[in-house]
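Same chain, two partners: chain A is paired with chain B first, then with chain C.
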Partner chain A sequence: MQNEKNRTRAVTDVIIILVLTILTGTILIIACGANPADAYALFFRGIFGTKAGFTEIFVKACPLILTGLGCAVVYRTGFFNIGAEGQFYVGAMITTIIALNLTAVPGILRLILALAAGFVAGGLWALIAAVFKAKFNISEIIVTIMLNYIAINFLGYAVRSFLMDPAGNVPQSAKIDEAAQLKVLIPATRFHAGILIAVACVFVVWFFLDKTTMGYELRAVGLNKRGSACNGISVMKNIVLSAFLSGGLSAVAGGIEVLATQKKLLEGISANCGYTAVLIALVAFNHPIGVLIVAVLYSAMQVGASSMQRQMGVPSSIVNILIGVVVVLILARELFHKIKIRNNKEKGGRA
Partner chain B sequence: MLEQILTVSFMTAFLAAAVRLAVPLMYGGIGEIIAEKSGILNIGMEGVMLSGAFFSFAGAWFSKSLMVGLLCGILGGLAVSLLHGLLSITLIQNQSVSGLAINMLMLGVTSFLYKLMSNGQSYQQLETFQSIALPGLSSIPLIGPAFFNCDILTYILYIFLILTWLFYKKTNLGLSFAAVGEHPRAAESAGIHVNQYRWIVMIFNGVLGGIGGAYLVLVQLGVFTENMISGRGYIALATVILGRYTPFGMFGAALLFGAANALQIRLQTIGVSISPFLLAILPYALTLIAMLGAIGKSSEPEALSQPYVKGSR
Partner chain C sequence: MKKLVCLGLVAALVVSLAACGSSNTKSTESKATESAAASESSADQAEAASGLKIALVMSGAANDQGWNQTAYEGTQKACEKYGCELAYTENVSTADIAAVFADYAGSGYDIVIGHGYEFGDPALEVAATYPDTKFICTEADAAADNVASYVMACEQTAYVEGIIAASMTKSGKIGAIGPIPGDSLVKIINGYEDGAKTINPDIDVQTAWTNSFVDTQLAQEAAKAMIENGADVIKHCANACGNGAMSAAVDANIWCQGDSYDQSSLAPNNILDSAIYNLDVVLDKAIESVVEGSFSGDVYNLGMADGAVEVLLSDNLPDDVKATAEQAIEQIKSGEVEVVRDYTLRD
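Here is the complex of A and B:
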């Protein structure tokens, strides 16, 4: 009975949020002086119109899936890591160093080594915040923000000094040679092998969280720290483990961006995906499959919106507004049921 | 290199630049202290400041009046803080989530509105607030030109810092506001309306954060650009921690961030080759070290970022 009530409530929430979001989008389009019907037509033509456009969704979604996955893993333990941005950069840097310098190692092996080293480095970077939290109980939020800025500025230094392309004077690294690049899988598009890695990670993480004892312990710590500790689950061990995994996944996102999309290291390579990832994980309620779906939908919105921007001048910042609106509405969904809550209170229930 | 740096003219210019770069952080920081003292963590300070910056520019542009611009900036910041209040106080949601969502939302909203408003044209710089030299004080060597030859908003900030310090140190009401952040249940049983107090601090949070954003437009740059706060809101959060939740501690911390920033610019102009990026890391690393140093004698409000539900335990 209670369960069924919760389910109908969840469904009405989703419908209300969807309707309000589409309504907001439409109002914004009208505010630009554009015809919503034409704009939506362009939006969908941008997504489904061409092979390049459609595959571009997955190119854009790839880093978001991995960083979003990283966030989802760690939020399950109640550790609010917003350091995906910095971990992404650390991964991108280490991957670049290995891919550029270990030229004695043949291509495919070097590629794997580079991504693995990136994973470990990103994991260790996240571990700093985890140790601060688990050992000294210092808020991970501020620590991860500080670590982000340290990583971003260090990258700025790196691409101007030891990682700078000796052949040029632009702040970026030399080009990764073809052998160590992640290959494009569909000709005439940018659809690359890294996307398959990202999707594989989704299922591995899903299996780990939902089907293994270790995953169960992670979730238990997030749900009830004291209860877990009393049942012999080490809170510290689980926070550290999840943070390491989380940092690693975000770092692989950075590595793939270097090896597949940009083919070199440059500033601003993350395009803020570390921060977007936080919201994607939240909208997906920290479920790995959910992250995959939300990241793809978000990227589709971006691809569609940039086609609107190109052809109608509707600013693509609409997408930022809409994801912000979605999260705010999810947080505010209690408002939809305000009246019901009042009724419950009168009956003596707790709101 | 050292001879070049240790001259009065270099130090004077450096210090003046440090103060100017620090003032927006200080506004954000003092707004954040007031909120956090009563238990509300607003990670959305970045969004509050961005809103303040955009609306102050729009207001000043359309009305041709700096004062109207400032007022619009304040209202813009206030609206964002009140949204955070609604989500975190009334709807008892996770404050960090709400703050991050607000940042993303405001980045979109301000960029969108700016594109609508500008429609491709570029704006001329607005006339900015003039500096007013305080007679006597401004002729003190070194610190005079830096601290006492500023614009009106900086002086208002000084007054605010002192008032905030007095309020929490010397008044009963200040103690009540701090109690709301330390132990809301005890405060409630002493007759304090916890959530009402938390709404009041969100007003201050928005007004001060809004001025911080407006300062960038109305004093420093005279224009708005997309994402122009670019992380200053997050740095303001760091100055609060580094300054141990006290107004003057935060003042010092913000000055440190401002100085690191100013040093980069100054060193470049005299041609010293320390990477500005390495220099920029310094204050962040210091904040982390300071957090480690504060272990055991935490100054963080006990109930920070915990929602309060009346009658729950």
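Here is the complex of A and C:
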């Protein structure tokens, strides 16, 4: 009974959010002097019109799924890691180094090795903030943001010096040879094997968090630190573990971008997905399956919007505004229900 | 409740961070309506003429007063001439090029233009999937069945400028300042040196790289150091950054040579010449080849003979030097003198 009530409420909320979002979008498109019907038609044609467009959603979603997953894991432990961007870059860098230099190792093995090394490196990068938090209680938000700048700028240095393609003068690495690349699975598109890795990670993380003792401990620490400590669950161990996992997942996102989509390391390769990941985890309420769904929807909006912008000249920043609206509405919904529950309780108390 | 406020704050922080990041990479034009209007008006004409759909992809803003603006205006001009429909995307980061290319090609655009060296590789990658779309890259070295690269032979203008500088210097020392040592800029500095050495084989050509396209301070300091070393002619090919070199030359009252457009207003009494790059001519030729059906995938070097590059001589030049320069220009145009295109960074 109660469950059914919740479900209908969730459905009506989603409808309200959708209507408000579409309304805002329409107003913005009209403000740009374009015809909303044409704009929306192009928006959907961008998504469903071509095979390349449709598969591009998953190409774009792949790094967002992994970084979003990374964020979701640590947020469950109550550790606000904003460092996915930096961890992404560390992973991309280490993966590139291994994939380019270990040429003695045959292709597929080198690929796995490169991604694994990226995972470990990204995990260690995130550990810096975790240790600061666990040992000295220094705000992980500040530390991870600062570590982002270090990683981003170090990558800029790397592609201009030791990682620079010796054949050119452009700040990017040499091309990774075909043997170590993640293959394109659907010809004439960019749909690559890395997407399957990302989806597999979603289910592994979901299983780990919801079905194992270790996952239970992680969540317990997030819900109540003192309670966990009193019950013999080490807070520090769990923060460190979840941070390592989180950094590793973001780093794999970077590695896949290098090995699958770009095939080389270059600046700006993340396209800010490390920051978008925070939003995705928030909107998905830190649930792994939710991250998968939200990341795909987010990418679909981006693909549709880019197509709309390219063909019609409607700025794709409209979609960024709409995403802001969606996030605010979802948070507002939470707040609204909490206030309602409290009011109900107060009423109940009096009665 | 407290947790929720915290969540909201973090969300705000993240949104602002993402916004900071995207302003220079992914964010798109605010004057998109203008582009829509522009493409609509050219679409009207398209019915009368070729009706090709052209997409221009740029790494920066279409109104950057330099590199991308010249491309945007050049493409627009050619589109009007041949009755094509133009769409464009600005501020495309290197990581996004392939996706943008594929989107345009997949939506039936006939010509996709990438403006800059970095567009070459993605063009090759995407072009194989879309054989019906012609990909044109400027300043790149990519060529395939449906990919052509158009390169401006800037080494030719630099060669003439080298001749002018070597004829004007009294100290036998001249300086050349470039932004980043990329292929299309290294060949300018090398051409300059080669030209100067035809007048005086022992001439001392000092070179410096600022590693910036915009920081005027760096070019100014580099120029000052060269002037202290005795250089009395300074040439730059460093976009906006090079303005610093011009002002250093004005301060020291020595000769200087401009780049990209007529820069005589920056140093009216000190300028010898400006190297002019007519990107509109290059884009016109490229688009014309598709309109006429003569397109073939190759790397084209367009020089003085094609009108793609030219040297604008100033009135500060004495008559004899002017004559020498004009003779060199004629010789290059006729093919009598062939300027070596050298991409290797010299010490």
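Assume the second predicted complex is superposed on the first by the 321 of 351 C-alpha atoms of A that agree within 3 Å, B and C clash if a C-alpha of one lies under 4 Å from a C-alpha of the other, contacts with A are read in each partner's own complex, and residues count from 1 in each chain.
Following the convention adopted for this analysis, contacts are C-beta pairs under 8 Å (C-beta built on N, C-alpha and C of every residue); 3 or more make two chains touch, one makes a residue touch a chain.
A quick note: this is a predicted structure, and the numbers were derived from the prediction, not measured.
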One more residue to check, A:327. First (chain B), second (chain C), both or neither? both
With both complexes overlaid on chain A, does A:307 touch chain B (first), chain C (second), both or neither? second
Can A:216 be said to touch chain B (first), chain C (second), both, or neither? neither
Chain B versus chain C as contact partner of A:208, first or second or both or neither: neither
So in the superposed three-chain picture, is A:146 touching just chain B, just chain C, both, or none of them (first/second/both/neither)? first
Examine A:336 and indicate which partner it touches, taking first as chain B and second as chain C; both and neither are also allowed. neither
According to the stated criteria, A:54 is in contact with first (chain B), second (chain C), both, or neither; which is it? neither
Look at A:161 in the shared chain and tell me whether it touches chain B only, chain C only, both, or neither; answer first, second, both or neither. first
First (chain B), second (chain C), both or neither touched by A:138: first
Overlap of chain C and chain B interfaces on chain A (superposed complexes): 32, 80, 82, 141, 145, 275-276, 278-279, 282, 315, 317, 320, 324, 327-328, 331, 334-335
Name, in rising order, each residue of chain C that touches chain A in their complex. 1, 4, 7-8, 10-11, 13-15, 17-19, 21-22, 25-30, 32-37, 39, 55, 87, 89, 93-96, 98-100, 102-104, 106-107, 117-118, 121, 129, 180-183, 186, 345
Complex contact set, residues of chain B against chain A: 41, 43, 83, 86-87, 91, 93-94, 96-98, 100-109, 111-112, 115-116, 226, 231, 234-235, 237-238, 241, 275, 277-278, 280-281, 284-285, 287-288, 291-292, 295, 300, 312
Residue numbers on chain A that touch chain C, as the complex places them: 32-34, 46, 49-50, 52-53, 56, 59-60, 80, 82, 141, 145, 168-170, 172, 175, 188, 190, 257, 261-262, 266-272, 275-276, 278-279, 282, 306-307, 309-317, 320, 324, 327-328, 331, 334-335, 338
Would you pull the chain A residues touching chain B in the complex into a rising list? 28, 31-32, 80, 82, 132, 136, 138-139, 141-143, 145-147, 149-150, 153-154, 156-157, 160-161, 275-276, 278-279, 282, 315, 317-325, 327-328, 331-332, 334-335, 350
